[in-house]
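For clarity, chains are labelled A, B and C in written order, and residue numbers in each chain start from 1.
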């Protein structure tokens, strides 16, 4: 298996068209040519448009065969020496917008309308400009906005709401009474609105607390594959505007996630915790219930957060990886760490 | 986005009706009034019924606008001073039962019968009082009991069994030959009966061990969204009565989970491990294969359990979270912890 | 609930038939008998065929009631003394093949053809020997090979490809343009080809990087339930031949996993990381993005891998589990570990 890049099907675009739409200064030899894929500098061909996001990868600029490279003003001369160049203040952002532009031109648009095999309750309000895929189920009182897409095998429960231009990929579950705003993306297997995990102990058993709340999701939110967001016990679980959630994340009941916070895969957030705006949480982290993270808190991957963090900053709690033999020795000492501290204290007492 | 609470649709219930059904002593001014939501003390309105589970939240009692508060006998006078009160020995348990009572009255009951779009094998035994949702698949020889619900897009494999009054939410997979008892709840995306992870190494490759067992689940079990319970290799994976599993949990083949054990989200349990009854496992934990946890063992969130635990108690293995700069320094020392111990030992030898 | 073993439905097989097909030397009293289940030594009955994979479990050999035991040459005499025996160089491998042989004879074969309820685009190429289950969706330009099975509620996106004899269990999503080779197995809920998690930051928000690549999966790959493999941003995410992935694993965009590597449940691998061939990764591990693991690297369960590992070996980074009181004391010291090292250093300076 060898490397592929881009999404072309024989489609070619002119650099002039790209610069006309996305801005930037298009200069250098070959600026009149056509490109047929977006790709990294390494492995690029003369029909690839590529980008240099950081001066760290500068050496790749010289060796790459890319037909055009998007660079920052500081790299202008260096890029120009090799051929067609788009100069822009933030090449990575330009690249992001280029992928969007590219996807719009190379991907099939969904056709508005309801697939014949879908099961849509007569009382559901499906906008005529929405697209409801095959074998979808939409229950009573649900609403799907203009330009929204509900992919194959999707489920929109009683009274749930899908905002305009929001896309649910194949096989997404949006539970009864839950809502997502406009321009969202939800990936396959995501479950929005399962019951939160709530029980009262009684005589060695667990009595279920019915989860009477819902999930409310703002605009411009992306939710990854097989991610779960539980409905609130009382009140709602809330995901604010612009939040980005990766795959296989668990969000407990009554959690609130502040606007523009991004959370990487395999994170678990226990119930009733409030995470601020503009936070980032690395992959595999666990965050305790009933705590608060301030705005602009950044948690490094694979950390456990047990207490509230009220001061912005970078926090970490990852156990260092070692070769197994080293780990064995260190772990043995770690199990007696408190005793070691006492031994040091004893020595300090004895040493003048 | 602002806070919501409860699940009312204009429905109102009298406090007398609640106390008549659920018990407790209803006293105080306003005991004749109607409530339209269940909610926390904070943010409650005069039509909210709320509860005080712990004396820790006592201060909220005075300030809350709740129309009625459920309290323990010790808080009786304090609650009475503010208005309608239900006095009961265990307010949290009362609250749990109130949510159940509430949900029964405010949620639509499933209609018995098989939706026209479901694909049900003629040899399957579906009780006339069961409800089979749209686009469900039920294979040959499967059985679904009275009062059971198989939600939209559900899959019940060959010979699988769903007990009476058990509810499978939308999109649940119950594999061939697997069974779940009575009064269970399984949330969307759960996969019961995928193959366990079993391979014999041979010449640098992996030879599959077909998983010939099944999954057997007792009564009153709840299983969270996107949780996976693998079928046994030989013999069965067993989940005993009253077990509660949160979302995104992985249960390996031939695991046994004892009665009334509760496991929080994102936990992984490797194959052939046996967990006792009345245990709790915090979110994000990993439990090794082929080990045993005794009854009444409690594992704190985000711990890795490598060995059997035969003594009841609370166990923990979470790396402490720090600001990143502190972590960097501590982790550097941790990597040489064994050497540090040797240095202390050398000092002890030298110090009289 | 008591233990069950095997998958028989009254079917019985002769030991001679087994040895004729799978090899090994069949000897001892009772070699002419029939067996009706494969099971562990413990709990076996006279109609069980069992195996002794390691001399460690030797004591079970004497006490087991199994009708036939598969053993290595070193255990030949010991096994023979108790009855029918199959002698083979690698009993565990023999057992694996026996389970395959058994499954073929006891499980219903899928019938080739397309179920009437499936929604298959006319431009999709479905081999006449493939089996397409109920309520499956196959989009335009997709291809499904001979002997392949797409289980109930499966989704095969535009231009996606399923190789010959590959089995997708019920409810698998294979996204547009993604491919899986021959003889693969994908379990329920797996999502292949959701978008990778890619955003460019801009003015406190996140600009989506459309994921223009796909997922390419080799031959003989097994993928667990609810596991996610994201499509590449540019270029593809690649899973090489013979890789085995357990349940609830997250594979980020542009990851490459080398041939015959096996990864246990609940592992997260961040984007653009390359894992070598013949590696093993224990359950619950997290692997950072943009790093490289050499061939034959083995990571112990629940470790976080932050940096490249270029040397084969066993690596570990699990925090040791303790009783909670011990943990509290050790963790307190751990938070000041660097200070402790400085105190030791000070003592060393003072001590002659």
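Some observations on this one:
Here, a contact is a pair of C-beta atoms (placed from the backbone, for glycine too) under 8 Å apart; a residue touches a chain by one contact, two chains touch by 3 or more.
Bear in mind the structure is a predicted one, so any value in this text is a computation, not a measurement.
Comparing the contact residues of chain A and chain C by number shows a mostly separate set, under half of all numbers used being common to the two copies. A turn of 120° superposes the CA atoms of chain A on those of chain B, with the angle given to the nearest 5. One inter-chain figure worth recording: chain A and chain C are separated by 26 Å, centre to centre, where each centre is the mean of the chain's CA atoms. Counting partner chains per residue, chain C shows two or more touched chains at residues 135, 153, 171, 189, 226, 248, 266, 318-320, 322, 334, 337, 340, 344, 347, 351.
Against chain B, the residues of chain A that register as touching in their complex are 119, 135, 137, 153, 155, 157-158, 171, 173, 175, 177, 189, 191, 194-195, 197-202, 204-214, 216, 218, 226, 228, 230, 233-236, 238, 240, 248, 250, 252, 266, 268, 270, 286, 288, 299-300, 303-307, 313-320, 322, 326, 329-330, 332-334, 337, 340, 343-344, 347, 350-351.
Chain C makes touch with chain B in their complex at residues 1, 3-7, 37-40, 43, 90, 92-93, 95-97, 99-100, 102-103, 106, 108, 115, 117, 133-135, 152-153, 169-171, 185, 187-189, 220, 222, 224-226, 242, 244, 246-248, 260, 262, 264-266, 278, 283-284, 301-302, 318-324, 327-328, 331, 334-338, 340-341, 344, 347-348, 351-352.
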